[in-house]
Amino acid sequence: MGGYKLASREYQSEDTVISLGDVTIGAQELQIMAGPCAVESREAALEIATIVKKGGARIMRGGAYKPRTSPYSFQGLEEKGLEYLADAANKAGLFMVSEVIDTRSVDLVASYVDILQIGARNMQNFALLREVARLNKPVLLKRGPAATIEEWIMAAEYILAGGNKQVILCERGIKTFENYTRNTLDLSAIPVIKKLTHLPVIVDPSHATGKWELVNPMAKAAIVSGADGLMIEVHPRPNEALSDGPQSLKVENYLQLMEEMQDVARCMNRSLGKNSGLKKTGTEG
Amino acid sequence: MGGYKLASREYQSEDTVISLGDVTIGAQELQIMAGPCAVESREAALEIATIVKKGGARIMRGGAYKPRTSPYSFQGLEEKGLEYLADAANKAGLFMVSEVIDTRSVDLVASYVDILQIGARNMQNFALLREVARLNKPVLLKRGPAATIEEWIMAAEYILAGGNKQVILCERGIKTFENYTRNTLDLSAIPVIKKLTHLPVIVDPSHATGKWELVNPMAKAAIVSGADGLMIEVHPRPNEALSDGPQSLKVENYLQLMEEMQDVARCMNRSLGKNSGLKKTGTEG
Amino acid sequence: MGGYKLASREYQSEDTVISLGDVTIGAQELQIMAGPCAVESREAALEIATIVKKGGARIMRGGAYKPRTSPYSFQGLEEKGLEYLADAANKAGLFMVSEVIDTRSVDLVASYVDILQIGARNMQNFALLREVARLNKPVLLKRGPAATIEEWIMAAEYILAGGNKQVILCERGIKTFENYTRNTLDLSAIPVIKKLTHLPVIVDPSHATGKWELVNPMAKAAIVSGADGLMIEVHPRPNEALSDGPQSLKVENYLQLMEEMQDVARCMNRSLGKNSGLKKTGTEG
Amino acid sequence: MGGYKLASREYQSEDTVISLGDVTIGAQELQIMAGPCAVESREAALEIATIVKKGGARIMRGGAYKPRTSPYSFQGLEEKGLEYLADAANKAGLFMVSEVIDTRSVDLVASYVDILQIGARNMQNFALLREVARLNKPVLLKRGPAATIEEWIMAAEYILAGGNKQVILCERGIKTFENYTRNTLDLSAIPVIKKLTHLPVIVDPSHATGKWELVNPMAKAAIVSGADGLMIEVHPRPNEALSDGPQSLKVENYLQLMEEMQDVARCMNRSLGKNSGLKKTGTEG
């Protein structure tokens, strides 16, 4: 292992903690980022924001720019989607994370979101990494589906070296020969990341498994392996979702997971970041 | 998915529970199988049995026939090793599991052990599967390092179809492009196995990760993902181990893990099978 | 790399050449091993032997003991199958290779065949490797579907270290995330094997690709990458084959491939081992 | 398989042939793209152009924008590099291909090169795919290191659907558990691509294997498996290369390969595109 400096435990022994108002990522509190794969309308965004908040999560996720394997699949609502998401999150007192996929729209996306997401397929889009490195906003960096842990840390190093110290890593499964699950969730990567780096790391069991019924056990296992939080897909009507329905939790399953996460958090001497009401005005961007 | 019958939830909806005296595998109690990669001497076996018992595990693991990548590596003490293991386990009141690697020695190994292990590389050694299917003893079937979940269940089906219903599955990591860990532990396989089959399933974080410092978090995550137990390598002096030293827990780390497992078990509404003293005489084969 | 000695180029700089009567494997002549996945009857064996010979191959392949993923699939005719194969090969003047899957039947299989095959799933069945190492007969060692090149050479080392110097390696595809082909044929392994070892190496494009229409181009590419021969599945009526029909060449495609292989051989300054009529009496076993 | 339309054989049965002046890609002539991993100076570009031309290749490759795993590695000379490359190629009468890594520099790169390359890590950088789809210039689309054949064709479909029909696919190895080679070259992808699509496909054995001594056999095997050409790294002094030295051919090995390729081409009833002198003025961008 080698090559990275700023990301290493040798360079910085204490954990990096990222703050959004009173929400911390990488400290004692676990943070859940929940929401739909893609935002589909203003009403849908508002509906989901209410659900997300009801479950107690503090951060809403949702895609406006969707990197899709096929050019004929729904590609997201783009800026309109960001608007809906930001508005819904704001009304519900939630922070918001959304993906950016083009160097040219980094500033635009940054003007709406609290955390910029770099998707798995863009983990080694070095032009994009350099562009978000210019910002003073947290970046959530998903592991590429075929990236080694070292390559992933190296991608984080691009952002750190560019001047942005607020990097959150997100494990979301790697490609293997196994085909029952969409990808193979690599939970051993969590303690490895914690040993090699000082960065917070979360887990996305929805994309990793591709099957909603595996999300609950893998979410818990992720926390027990040391993750600082989760990214979870929730949809009020998964069957009607424009993308990734089969991996989205229904509302009842999301609420149950959030309930059960309390015990898991306690078991790890951590607590679950709970929505205390409203996000304080003025904390975002 | 398809092809298997006897192993499926459709064929048998209730969980298979395997009993060794008062020890159950696949029921409410979690079972830990602990011990050295390979038994090295009579004294070493006795020393480790005492440690295993002290930690509270009920089952001792240890290799007498070692499938090694190189013909020049230590291949195990063979029958002498079984003798040492059985004797040490017996004195400590522990049950014992050890690997069988040749159809010709199935009866011999079965005369010493409580559970026969089929190693990962022999998961599709169909002649061996057919041979252990003749026995009335539990078989622990490790997942091949490149086996899909379906192929693994199919290998179990060979044993069930041959008449032996006492099959325990063991996830031990799969081969991927990641090379920081020895293999990639596939914990999502646990809820998948629980959904598709009625068989008990345990996890071996030692072989999966190849690094002792990852064993503790992965052991806990395995239980939280739904595993019925663990297989753990322990060695009083890992640096002197004749095989797999880097992945063996030291005594203090093993004892600490067993202590911490109590909380994890409670968190899952399960209890940790604890050694209550002596294995009742006459319970084994 | 390391660990192996007898298999290495350092230990023996000149190529190992294996002889069966006037047939050589690993010398200037390319050898084709052709036949059905599994022998299905005496008549089928005779029919295929005639076809194999007509195409010009010198060695007939055919399975009598079939390692099948499912216990409910056709498992081969066992000794009867060997009898049919040996008889058919003998009548057609062909040498014969067939798989052995159990230590207990090594001597039996060896009494029928000219070359013993160790299948991919048994590459690390070390008990079996040690058993064929006792023989004075060539062994064809298939690469395990998840074996690194180094592990594969190490498996060969088991046979060499046991006293049998007649080892032929066979690349047959490795497991990857790609699922259009059954496995991913690793042709770069061929020049690597030629550099690291002195052993002959052949390629099995039928099992590697799992699709008959890919066999022709991959067979040629294998020779051009330096392979000493091929193992090819041929079946007069692939649709009726008891196993692996989709990857078997029809007769006309086999004959065409053999015709086209002449050009490829010439291109590599090699010649195609051609059946000159009868296998000389008394050359086998 | 499915989802793509414009790329499929069903949509267009005849092969797509791409023309650059008198150079055709995807027709009877094989085309070799040769040059350094990265252009390092004006002098180096001129030196290599002379070598490339001497060997007979018609197209020069060279990186100006280098996607590097580490932010601390040499990232290329950027526009200066394009200038050197274009100038050197022009003087030598060669066409030129170079990589584009950012949507914002697509027009700039297009103003220098004859073919725009989308690198493996950007295969699913959909914003970039959409941007090059606007151009009227050939695009060379490398397969992602973990992309299935279907995902790769889908990425091509993005370009075709955006209006650019001039897509060349390039296989460059996939990630597997094998670590002797940098990646595993998947030559069976070539006949698969030829069956499923009408697009030309070439092979890059340099990046696939990561070892110069494997380039020659894999280059030949690629042609025999049906590839329309090659992309090869050549460097006059590989030990001094600023990137990927170990996989670059020395001049003498490049010249020898080009010589030997003539036979391979003949063997496939194809001819090797040979530099007849000068690229006709005015054919490029």
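Each chain carries a letter (A, B, C and D) given by its place in the written order, and its residues are counted from 1.
The rule is simple: a contact is a pair of C-beta atoms (placed from the backbone, for glycine too) under 8 Å apart; a residue touches a chain by one contact, two chains touch by 3 or more.
The model shown is predicted, which means the values in this text are computed figures rather than measured ones.
Counting C-beta pairs in contact across A-C and across B-C gives the higher total for B-C. Averaged Cα coordinates give chain B a centre that lies 35 Å from the centre of chain C. Chain A and chain C have centres, each the mean of its CA atoms, that are 50 Å apart. Contact of a single residue of chain D with at least two other chains is seen at positions 146, 175-177, 179. If each chain is drawn as a node and touching chains are joined, the picture has every node linked to every other. Interface residues of chain A, counted against chain B in their complex, comprise 1, 146, 148-150, 174-181, 184-192, 195, 208-209, 213-214, 217-218, 220-226, 263-264, 266-267.
Residue ranges of chain B in contact with chain D, taken from their complex: 146, 175-177, 179. Residues of chain C touching chain B in their complex: 3-5, 67-72, 75, 101-104, 121-122, 124-127, 144-146, 151, 154, 157-158, 161-162, 175.
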